[in-house]
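The two complexes that follow have chain A in common; it is paired with chain B in the first and with chain C in the second.
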Partner chain A sequence: MTGITTTDLVKRFDDVTAVDGVDLNVRDGEFLVLVGPSGCGKSTTLRLLAGLESPTEGAVEIADSDVTDTPPGDRDVAMVFQSYALYPHMTARENMTFGVRTATDFGSGEVDDRVAEAAAILDIEDLLDRTPAALSGGEQQRVAIGRALVRDPEVFLMDEPLSNLDAKLRVQMRAELAELHAELQTTTLYVTHDQVEAMTLGDRVAVMYDGELQQVAPPQRLYDAPDTRFVAEFIGSPGMNTVEATLERRGDDAVATWGSNQLTLPSAGRVADRVDGRAVLGVRPEDLRQERDGPLRMEITVTEPLGDSLLTRGTVGGAEMEVSLPARSPVGVGDAVSLAADPERLHLFDPESGEALYHSSTELDATEAEPLLADGSPERR
Partner chain B sequence: MSHETQDDAAPSAITDATLVPEQWPVHAGLIGSILLMASPLLLAFVMSTQTVPEVYDITNIGAGSDGLANYLEVLTTYEMASYMLNSLVMSVVVTVGKIAVSLLAAVALVFYRFRFKNAIFFLILFTLMVPVPVRIVPLYELMAAWGWSNTLLALTGPYLASATAVFLLRQHFLSIPDSLVESAKLDGVGPLRFLWDVLIPMSRGMISGLGVITFIYAWNQYLWPLIVISDQNKQVVQVGMKYLQSVGNAGQTDWGLIMAGAVLTLLPPLVALIAFRGPLLETFGLAE
Partner chain C sequence: MGVHENTFDSTLGAYLLLLPTLVAIGAFLYYPSLQTLRLSLYKTFLFGQNTRFVGLANFAELLSSQTYLGSVGLTFAFAAIVVAGSLAIGLFVAFLLYEVSDGKAAYLVAAIWPYALPTAVAGTVLLFLAHPSVGIYTHYLEAWFGVELDWFTVGWQAFAVLAVAAIWKQVGYNVIFMLAALNNVPEALNEACELDGVETWRRLVRVYVPLMSPTLVFLVVINTIYAFFGSFALIDLMTQGGPTNATNLMIYQLYRDAFQFNNLGLASAESVILFVLVAGLTYVQLRVSDRYAHY
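== the complex of A and B ==
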């Protein structure tokens, strides 16, 4: 088992708490993506795992052994940096072999074989004798990944490795990274601020905010049943609309009201009893549609044609909302449109703690234990 | 194809090199100022080829009749060759030693965490205010106490620590991205191997620039060698020049010999300057 486990990991810099009690469990062979906005502590967490920072409190285990006080060189992890961290005076080949001899006990013949193998996988065989200055950004990133491959470590740590690439190359490298992981099955922790990258690459995605883990779940579950208001607003492009509303029980159901807008939440009656009349309603832009007599009324302020859809921003009962309309919808700035929401895809969050109270989808329930874990182990949150 | 390219390139090259008549005064002015600045050197070179009477004939500024005989005499009879060798040994030891010490100090200051790091760095900078001449008396006592007087150790030791070199290397190391250091840490690359395989190759320009400055500085030292070295055969070239002053007949100083010595003394720093002018400019560019 070469998983990573952190227990109550805390890192404080003077009076700033960058990482605040993180319990993370990366399983053997898993590709786990740690995602969050800038300054949420995700990079610090990665650096704590690498040993480049030492934790204020808590412990780090890699491959079932406690490495909290082990120097980075003895942890058998390889890291890929956002800035590539290639030595400018060495050729690609020298860059790939430089750390190997100290980090591993490969003989020089074996090192050569491994470089050739990694170069073949990454398609950089022709570039091995060039220095980084003679390589493009994407090629440099391949060499940096190749350097990690040659090491054959227990764990790959990747710190925003695609952030410096242009959009098209990023998509291509993303697919290649996914292929690479499918082939090698090396335990990987990948840090990014880009939620699209997180969703596409991760077996599971850990969302971090303000030094704390918000939710760790497979990408689809993260999207369908966010545990907190933050996750709801962060995941998705654009994120979920949230609005404070009054909540009233009506039979088994509940009705959320803000301004002159009303939405019925099926089977939310019991939730309405619990929350004292107020809750945060969440609905994704994709789950709203234009409907002649729909219960919501939106004043359009901005339209953004995305080609496959028309992203429309406006106010609904005084709250900013976004809705994804079909492409070429005949609406313009200043228009008022009526909207309806998919009753199967509504969410409620606690207005104070931001915790999820309710997901209307019948397959999901916020209070239910994670049903999607293969090994049935309880999810750390 | 290549023929055409040459045809295309040639006219513009000629145009660039052609003197535009309006610019002649500018060129004349430039040539004049260069001659003015170089005149002491040119004069020294002319005098080094003259006999004593020719030197004292002020109006005679043509090449002298001694030719290169003064040079031969200075090198052999007056042992300039051995002074130059002593100077060379001193300069090389000081250059290598100073850079080695400064590299290690800069590595410690940049890549290690220890208490009072900034205070130590400022303490090093403060030594800039106490140049070698100020330290001469206590240094001499120290050398005498250690029994180092009149040895290469005394000649080079006081020059090995240099705040300027530490400062320049520290600033250069600070510009090296942290991720390179961290990558090496993750690979378990030790500090000395990192210094040798990464830092030094990445600082090649800075180190050669520093080397040239240090070499010229050491080569030009006069006061300290004069005081601490008592054997004439261990003396360095700048002091050796002084010995030439006492040579000559009937109170007439043999300026021809002295100038030959001076020109010879100039040559090694000049060669170093020309050979390493690229990195030297880089060093000053970064030092600005």
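== the complex of A and C ==
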């Protein structure tokens, strides 16, 4: 077992708490992506696992042994840095072999074999005798990944490795990383601020905000049934629309009202009893559609043609919302359009704590849909 | 564009602004240099009031003088020892300062203190610290190294004491630059080393020194120039070139010829030789280092 487990991990820098009680479990062979906005503590968490920072409280286990006080060099982890951290005065080959000769007891011949193998996997065989200055960003990144591969570590740690690449190269490298992981099955923790990267790469995705884990789940589940309002708004591009509404019970169902807009939430009656008449309604831009007699009315303020769709921003009952309309829809700024929502794709969140109260989809099984905060606390700051 | 183009109607304004600097440089640098060059071709009498053109005779005299050639050899040896010593010790101290986490500022001040002392003060202090009969350190040096410390009369000891003094004086300067260079090493590289468990000294030699190489090249050049020129005050205060010319470096010989023996023509020729040697050496250093330094 070469999983990673953190227990109640806390890291404070003077009076700033960067990581606030994180219990994370990366399973053996899993590709887990840690995603969150800048300053949420994701990179600090990674550095705590690498041993580059030492935790204020809590413990880190790698491969079932406690490494909380183990120096980085003895943890058998390899890291890929955002800046690549290649030695500028060494060739690609020297970069790949420099660390491995101290970090492992591979013989010289074995190291050469491993470099050749890694170079073949990453398609950089022709670049091995060049220095980083003579390599493009993408090539440098391959060398940096190659350096980690040669080490054959228990765990890969990747700190935003693609964010210095241009958009096209990033998509390509993303696919290659996924392939690489499918081939090697090395336990990997990958940190990014890019939720698309997180969704496409991760077996599971851990969303972090303000030093705390919000939700750890497979990508689709994160999208379909976010545990918190933050996750709902963070995941998806653009994220979920949220609006504070009054909630009234109607038999088994409930009706959310804001301004002159009303939406019926199937089987949400028991939720309406719980929240005392107020809740945050969530609906994704993709789950809204234009419908002549739809219950929502939107004043369009911005249209963004994305090619395959027309992203439209406007106000619905005073709240900012976004709708993904079919490409070439005949709407313009200043128009008012009627909208309807997919009743299977509605969500409710607690207005104070932000935790999810309800997902309308019947496909999500009830126990999993039960809202849970990652840290088990009833409230979030 | 356009707005700034007409600030000066001609280049005249620019030259006017440069004038004070040009005048100062001309008067205090170029004119004396040219005068030196001219004087080196003359025999001078009576403090340079009477001069007679002798062509290259001054140079011929110098290059056939055993004393002068000895001084040249001595100077090169001295420079090699001082440059190597002050760079090696500077690197060691700078690296310790870089690695230490507590009390960094205090250590730094301590390390660069000697550099902040005027050379004349440093020379006087060292003269008494290591004075053969009354020096505070003399007893311990004799006890530890098992030598009879008598550098007022033993040539190699005087040379050694002078070299130590020159290194001690220069280390602080090197430490400042080296520490700045070390602090420029990207943090991610340190972390990459840490994750690979690269030991401290291997990291210094294989990672830091190559990355510091532009700074090190600069320091080699500056230290060379220092060793050739900057040691004058130390010699004058501590050994006066003696005993029996054992510390008679070129810069001191030059001074003596000019101001003790009033032979300005000869001293000028020595100045020219010294200048050519240092310029040539600097050029070679820069050329050679181009191959090794990573800019």
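FYI, the second predicted complex is superposed on the first by the 364 of 381 C-alpha atoms of A that agree within 3 Å, B and C clash if a C-alpha of one lies under 4 Å from a C-alpha of the other, contacts with A are read in each partner's own complex, and residues count from 1 in each chain.
The rule is short, and it goes like this: a residue touches a chain if its C-beta (ideal position, glycine included) is under 8 Å from a C-beta of that chain, and two chains touch if they have at least 3 such contacts.
Everything numeric here is computed off the predicted structure, so don't read it as measured data.
With the two structures aligned on chain A, chain B clashes with chain C. Of the two partner chains placed around the shared chain by superposition, neither chain B nor chain C is touched by A:L169. Judged by the touch definition given at the top, the superposed model places A:V77 against both chain B and chain C. By the touch criterion defined above, A:A63 reaches neither chain B nor chain C. Residue contacts after overlaying the shared chain place A:R151 against chain B and chain C alike. By the touch criterion defined above, A:H89 reaches both chain B and chain C.
Counting contacts by the rule stated earlier, residues 50-52, 71-75, 77-79, 81-85, 87-89, 98-100, 102-103, 151 of chain A appear in both its interface with chain B and its interface with chain C. Remark: chain B residues 177, 179-180, 182-190, 193, 197-198, 201-202, 204 touch chain A in the complex.
Taken together, the chain A residues at the contact with chain B in this complex read 50-52, 71-75, 77-79, 81-85, 87-90, 98-100, 102-103, 151.
Those residues of chain A whose C-beta lies close enough to touch chain C in the complex are 50-52, 71-75, 77-79, 81-85, 87-89, 98-100, 102-103, 151.
Residues 186, 188-189, 191-199, 202, 206-207, 210-211, 213, 294 of chain C are the ones touching chain A in the complex.
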